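Labels run A, B and C following the written order; every chain starts at residue 1.
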Amino acid sequence: MNILEINDLSKVFNLHILNNKKLEALKSINLTVAEGEIIGLTGKSGSGKSSLMKCIYRTYLASGGQINYKSINGMVDLVTASDHEVIELRKNEITYCSQFLSVIPRVSAVDVVCENLFKVNADKEAARYKAKGMLQQLGFPAELWDAFPVTFSGGEQQRINVARAIITSPRFLLIDEPTASLDPKTKDIVVDMLLDLKKHGTSILCISHDEYTIEKLVDRRINLHLGEILNLN
Amino acid sequence: MSNTEDNWLLKVNNLTKIYGDYTENSIKNTGPKFNSNICPETGSIVACADINFELYPGEVLGIVGESGSGKSTVVKLLYFDMEQSLGSAFLKPHLDGLSNILEESNQKKRWIRNYLMGMVYQNPRDGLNFKFSSGGNIAEKLIMGGNFHVGNIRNRATDLLEKTEVPVLRMDDKPASFSGGMQQRVQISKAIANNPPLLFLDEVTTGLDVSVQAKVLDLIRELQQDLGITMIVVSHDLSVIRMLTDRTIVMKNGRIVERGLTDQILQDPQHKYSQLLVSSLL
Amino acid sequence: MVENNKYNNKYNFAFIDESTKKEIRRKLLKAVAIPGYQVPYSSPEMPIARGWGTGGLHVTLAIIGKKDIFKIIDQGSDASVNACNLRNFVQSMTGVKTTFDTSEATIIQTRHRITEEELNENQIFVYQVPQPEPLRSVERYENKTRQMHGEADYAKMWVALYEQFVSHGDIMLGAGYPVKVNNRYIMAPSPIPRWDIPNLNLSKALHLFGAGREKRLYAIPPFTKVEPLEFDDIKFHIEDFKGSACSKTGYKKAFLDEMYYDDGSTNFVINDSNFLDKLSEKEQPTQHENKYINQIAE
């Protein structure tokens, strides 16, 4: 069964303030993700990988086509779904992990990681306990747990970002460059965490430049070039 | 997904406020296309028109726009601070959402305000009575909500002040002796005293020092996480909208020009004016 | 010349002209129909200044008839200067019989006290009121207080009581404690002591209130519920004389005045002069009964 079916998806940016300049980010995308599958999205910088992911998450409004997602309650076309429906899906099923950590400066590392658990009214103490466990796994010493991630290095921020996305065990995970700034040992830890999610039923769409990660992690690879899919294998 | 469509909290239809004598054309000839709120025929001012939206429990809706966009007007109309020219609004907890709250009697409106709504104004003097102590202000909301037990009132006021990080020792002091940030926090305590399902926040951090602004916004965020209150946040500041809201409505010249998920409005704005606003972020 | 005494009187019966009396009576009827609600009225000119009892006088003169028996007290005393002056005025304008005896009177006008002796169904009690608006201390604008009464929005009054409790440990109002009438309006009972407040509740007599300076009339019909404002845990209480007794009669269960003498000594005497006289004569007047008085030890 497919958890995601994208038909003829296109995205054009209309920049009114640049004299109505039009930028074509995605031309005509068709792809599917089976339940429990990990798909790797590869391609040069600017090929449209992040745009595709953001269209699925509804951060970008698609210009045409359909993104059919199989939610727990039935099929939803994410292109035309109401704001309210998307908010519910983001809360309960779909998680997006961007390339860079974006966070409010005054929240501690622990609380950043369990942010999404707070949204679904989880027990705060239990959530924090789980977050601390994950931080430990990812190699964070205890004294950093209450520090503000805004002061961390790129690699540290990336680990927090990934932990935040993984902790809720979402049904469908969109993750952009999970291992980009990490050393080999930590890369392995993150890849294992993602494979563990797959074991528990999560379907994953993953963007990565890193061949090692792609090799170890993905079941299938999709290559994007200039807004189009080039070859599937 | 349609089983969730019936559990809305607030529905607003065609909410309109016009100052002065107006005709049908007043609405047709004003708005963002004309870059004006003033009717060329009658001189009437269309503060807001054609405002429609739905709000679901637990959501935080942002209304963003510049001065004169009509964003504060929308909230003032819903809180009964002014009377609408046209339009209706329905609150689920009030008669199962079947009765237009804008047409209710003054007594019913007062009941709705006391039991179902909370409001935090930009200026603490609008939301607090400076003649009463800060605890007394919270007591006022609790008394209007039907609590007449002084011991319970004081306990609840203490809880709320602790939650909003106002020193409890100052519960019996008058707000005039507090700093601006602390006055706002007392206002927030008062607004949530009766656990209202809906909370309005009208430019609540505008004019405060940045560090104070940060504290107040953090507080609101925490309260939203802890209590799951549905909120409408009005601001001209996009960073406030980004921090607090799930969905956003962009207003210009009294009309809605764009609506969507907050991250979509900030990263992929469609309307010319939204793009202008977003690019103006410092 | 043929003499006709019929039209020799300089003044109309009871001083006020008949049309104005009708107007006052109409307003009184409206007040009785809406217990506790303040009715605006004409408050006509009187030969005494505002602030000296014109409101009470308006009510008395509007309702008094030739067969009425009139009593007037000032802070409980029939013999004070103001009581005497007003009594003389009413007597000369109407020719009615006047009395000091509470049980004999049909109309009793009062300044700031209710009689200790119980009132019955044949009596009308008329109050002189300085400030008829109970919300004036928390809201200075008349249009706002009218709206508050209209919408039964009394939160500010309650908060004011809460604030007093918080600052002083108790609600400080000594005289004129606000009451709720018939579960609807909050009313100012004129500056009577707390002692008298419970005697308004379910009283057999008709109580009429006149505020001449502010031009308002209000009423409590017989057997109306009148409750002092109290919180669930901070309850209303009457004055506590801490076991003191009247030095003349030894009686403990009446409102007492503290008397000061030139040598610096003090003692207590019953405030209600007629009640004091009756007890001194070993009579047994029927006193108002309420749960607060019953708690005082003999």
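The working rule: contacts are C-beta pairs under 8 Å (C-beta built on N, C-alpha and C of every residue); 3 or more make two chains touch, one makes a residue touch a chain.
What you see is a predicted model, and the numbers here were worked out from it, not measured in a lab.
Among the remaining chains, A is positioned farthest from chain C, on the basis of C-alpha centroids.
Closest chain to the protein centre (all Cα atoms averaged), using per-chain Cα means: B.
Remark: chain B and chain C have CA centroids separated by 48 Å (rounded to whole angstrom).
The distance from the centre of chain A to the centre of chain C, each centre being the mean of the chain's C-alpha atoms, comes to 78 Å.
Distance between chain A and chain B, defined via averaged C-alpha coordinates, is recorded as 33 Å. In chain C, no residue touches at least two other chains. Looking at the complex, you find that chain A touches chain B at residues 13-17, 54, 58-61, 71, 73-74, 76, 81, 83-88, 104, 106, 118-119, 121. By the touch criterion stated above, chain B contacts chain A in their complex at residues 1, 3-5, 54, 56, 59, 214, 218, 221, 225, 228, 243, 246-247, 259-261, 263-264, 267-268, 270-272, 275-276, 279.
Partner chain B is touched in their complex by these residues of chain C: 151-153, 155-156, 158-160, 162-163, 165-167, 231-234. Residues 106-107, 110, 129, 132-133, 135-137, 139-140, 143-144, 148-153, 172 of chain B touch chain C in their complex.
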